[in-house]
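Down below are the structures I want you to see.
In what comes next, chain A is part of two complexes: it sits with chain B in the first one and with chain C in the second one.
Take a look at the complex of A and B:
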């Protein structure tokens, strides 16, 4: 319990400091906020175009696809706001030799790196995603209490998948210093989660469900919310926890290879 | 014993790559690993309350040693115990009791005032409100930064910033503090303020390990000096012993009424003829009688000004490196 309180105190201080930093440059803050907000609307617009042209994702209405995309954007927005910054924070610090300063603090380096990277500019995705989510939920049959409970549980697993990705990505930066393309790799892989997994081939669906649980980012939470019982849900939930555990192990193993920068 | 280092070794693996386009392409597929021995088995101990100068030329292994002592790096082999902890193994518990100031790595946050950045350390070290206020007031007053802690860091001078770095590093009242070039780039006034702060904290029992190239820092602060070169420990003794390393020598600067062209005295060596009437010399005090030498200079050339000093410590270091 004490450990949880310490972590919460760390995050609340990080958020306070992050806000103070953001507000030092208000113009930059507003521009980045709107850029993030608008750029994330691209995929819902593509879905809209597909359905307007008469085509469709088999078995999914436009609102149901928007539900997946809204959840995807909310999960990513939440991650970008609260913990994904640890990737660029660690990346920059390792390259500049400042990561040493993190290692001399008596707390979890992962939480410290995440807490000190809070940036309100990234809330654009979360707001945009929430808007699409609310619209989509209002257009599908009203979910019951069970559906909402299952959705929140799966949304936590969705965040755990993104947290695992942030650990894998930041872990590679200890060895692969200054790798600026790591976001492109991440975005390319996770974009498969923006659409219903049933549109992919069977083999690829298995990869997205049981190997790299990208389907958990948005597909499973959306499916449960609209009342479906998707195949492979429970096994995939277990895989998410294994994925998180393996990512954490990988991160700590990579940290051992950290060699600092010249003195 | 507070710090115990035994047979400490660290080998880095660097990858060799040529400068040509062909070499660059080749290095994508095939890289030649080059082991670099940064530390070749150094051993030393440090007692509580000491203020030790850790010196050596660039690339000697000083920073590697400090990084291992602070738990930042894993050694290749050897034993280290600091305050009962193995730094890299018990990192979280161990670093709660140490502080560090890196002259070239800031812990402050560029866009916000230092007082806001201090709050991060308050949360990290779980400092109570009362303890935080007491320590902050004490440090702010010692370092004379009452006005500066509320100014955005980017608007502070280097000296003001460095004094705030010390507050950041000492808010949790560490018993061991590692200083890496703490006065780099500072003017004499700022240097003096930092040195006086270090002295006061050391008098209160804080152990300091000072890595620097500024020999004034070492002469004014350290009682003991550890010298390291090419990964090996080459000297570990007091400042006095370091001065005596080249034998009993004095450094003389003289200005005379007559030209010094023919000056010669047994046990005297001309270091630097500054002009016809002014010269720097080195005296071997085991061969020269100082009274006789001064009398000789005055009678032969007419002394107008004379300075006799200990040999500069940098001369001694040059001969050791």
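Take a look at the complex of A and C:
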């Protein structure tokens, strides 16, 4: 219990500092907030333009595709707001030789790095995603209580997948020092999650469901919300937990191989 | 004599090759960073392949594109971006913010030309490490017929695209003279630039009125025009132009953008307040 309270206190301090930092450069903060909002609207914009031209994904209406993309943006927005910054934080500290200072602090390095990376400007994605999500939900048949319950459970799993990615990426940066393109790799891989899983070949569907559970980021939560019973859902839910466990193991293994500026 | 001095401030062959060579060597030390493109480019293309294959399941053309033409569009866009990629905006605003820009004011060369030479070196490296390997992946793995309709016009349009990208980015970097933190503004412009350059979707998918507006903005000349020139046909906003005509217009726009960047530079440099200036 004390540990949980300590972590909460750590996050509340991180949020306070993050807010103060954002408000020091208000103009820049507002523009960045707007940019985050806009940049994540790109894929819905592309979907809109494509559907406007008369084309469509087989079996998927525009609103259903927007539902997937809205959930994807919400999950990513939430992750960027609360924990994804740890990748950047750890990467920068390892490169500058400051990571040793994190190691001597009396708390979890992962939580410390995540809490101190809080930035409200990242909430632009969350806001944009929520807007698209609300719009899309209003256009599909009204989900029942069970659909909503399943959706919230799967949304938590979606966040766990993103948290696993943040551990894999930050762990990689212990060895691959200062590579800012790691975000690009992440964005490219997770792009598969922005569209209905059914458009991919069978082999790719299996990879996205059972190997790297990208389909859990948005496809599965969207499918249950619209009343579908997608194939491989339960197994994929289990895979998400295994993925998280493996990512944690990987992070700690990489931490052991970290050699500080002092050798 | 004075004209010659003035011209050498804006173009200097020896400086170009020296700075380009130094930048090439500097970035060659970070080969693994550049080699990330060998993963990112093909995987991005693979996603596009699945998306468009699904969208074309019951139609042969969408907005005048066949599936093959659409895949070529994305393939060529990816490759062209390896040739024209640029971060002059980030570099310039960083130099201004940290005050390190002062060292360039003391040198007898134009900083813009120096930055262009850096880009030449950086992209030469990108050509070997990104363009050629990804081209081969597209050719042999995805079986994309990536052969330009006319090599001369394609290369010329690519050079104009290279210069246009640089000038637009450099002009964005100049905003650093007015603003302390330009990350937000830069990111905003970069999204705007890429969307309206046709990086995410061909511009013919936009509403007709917007296509007409885009025709007069500089963004299409960065990527959309070189891609269409590569394919051998150009169309935007209901206007179809012959390849030499659109490349000539692209050249005029590059010249105009050069003037805009020079104008912004002259306004901005008066505001520079580096340490001790």
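The working rule: the second predicted complex is superposed on the first by the 261 of 263 C-alpha atoms of A that agree within 3 Å, B and C clash if a C-alpha of one lies under 4 Å from a C-alpha of the other, contacts with A are read in each partner's own complex, and residues count from 1 in each chain.
Here is the rule we go by: a residue touches a chain if its C-beta (ideal position, glycine included) is under 8 Å from a C-beta of that chain, and two chains touch if they have at least 3 such contacts.
Owing to the predicted nature of the structure, the values given are computational and were not obtained by experimental measurement.
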Query = Putting chain B and chain C onto chain A via the overlay, clash or fit?
reply = fit
Ask   = Looking at the overlay, does A:259 come into contact with chain B only (first), chain C only (second), both, or neither?
value = first
Message = Taking the superposition on A as described, I'd like to know which of chain B and chain C A:34 touches: first, second, both or neither.
response = second
Message = Tell me the contact category for A:107 with respect to chain B and chain C: first, second, both or neither.
response = first
Ask   = Looking at the overlay, what does A:42 touch: chain B (first), chain C (second), both, or neither?
value = second
Task = Considering only touches as defined above, state whether A:130 meets chain B (first), chain C (second), both or neither.
result = neither
Note = chain A contact check, chain B vs chain C, more residues touched by chain C
Task = Could you say whether A:185 touches chain B, chain C, both of them, or neither, answering first, second, both or neither?
result = second
Task = Give one of first, second, both or neither to describe whether A:61 is in contact with chain B, with chain C, with both, or with none.
result = neither
Key: Touched partner set for A:206, first chain B, second chain C, both or neither   = neither
Inquiry  = Applying the document's definition of touch, where does A:25 land relative to chain B and chain C: first, second, both, or neither?
reply    = both
Task = Look at the superposition and give the distance in whole angstrom between the closest pair of CA atoms, one from chain B and one from chain C.
result = 6
Remark   = Intersected contact list for chain A, partners chain B and chain C 25
Ask   = Of all residues in chain B, which touch chain A in the complex?
value = 12, 62-64, 66-67, 70-74, 91-96, 98, 100, 102, 105, 107, 109, 111-112, 116-117, 119-120, 122-126, 152, 180
Note = Counting only contacts in the complex, chain C reaches chain A at residues 32-33, 36, 39-40, 43-44, 47, 50-51, 53-59, 62-63, 179-185, 187-188, 191, 195, 200-201, 205-206
Remark   = Per the touch rule, the chain A residues reaching chain C in their complex are 25, 27-32, 34-35, 38-39, 42, 45-46, 49-50, 52-58, 121, 176, 179-181, 184-185, 188-189, 191-192, 195, 199-201, 204
Remark   = In the complex, the residues of chain A that touch chain B are 6, 9-10, 12-14, 16-17, 20-21, 24-25, 97-98, 100-101, 103-108, 112, 116, 256, 258-260, 262-263
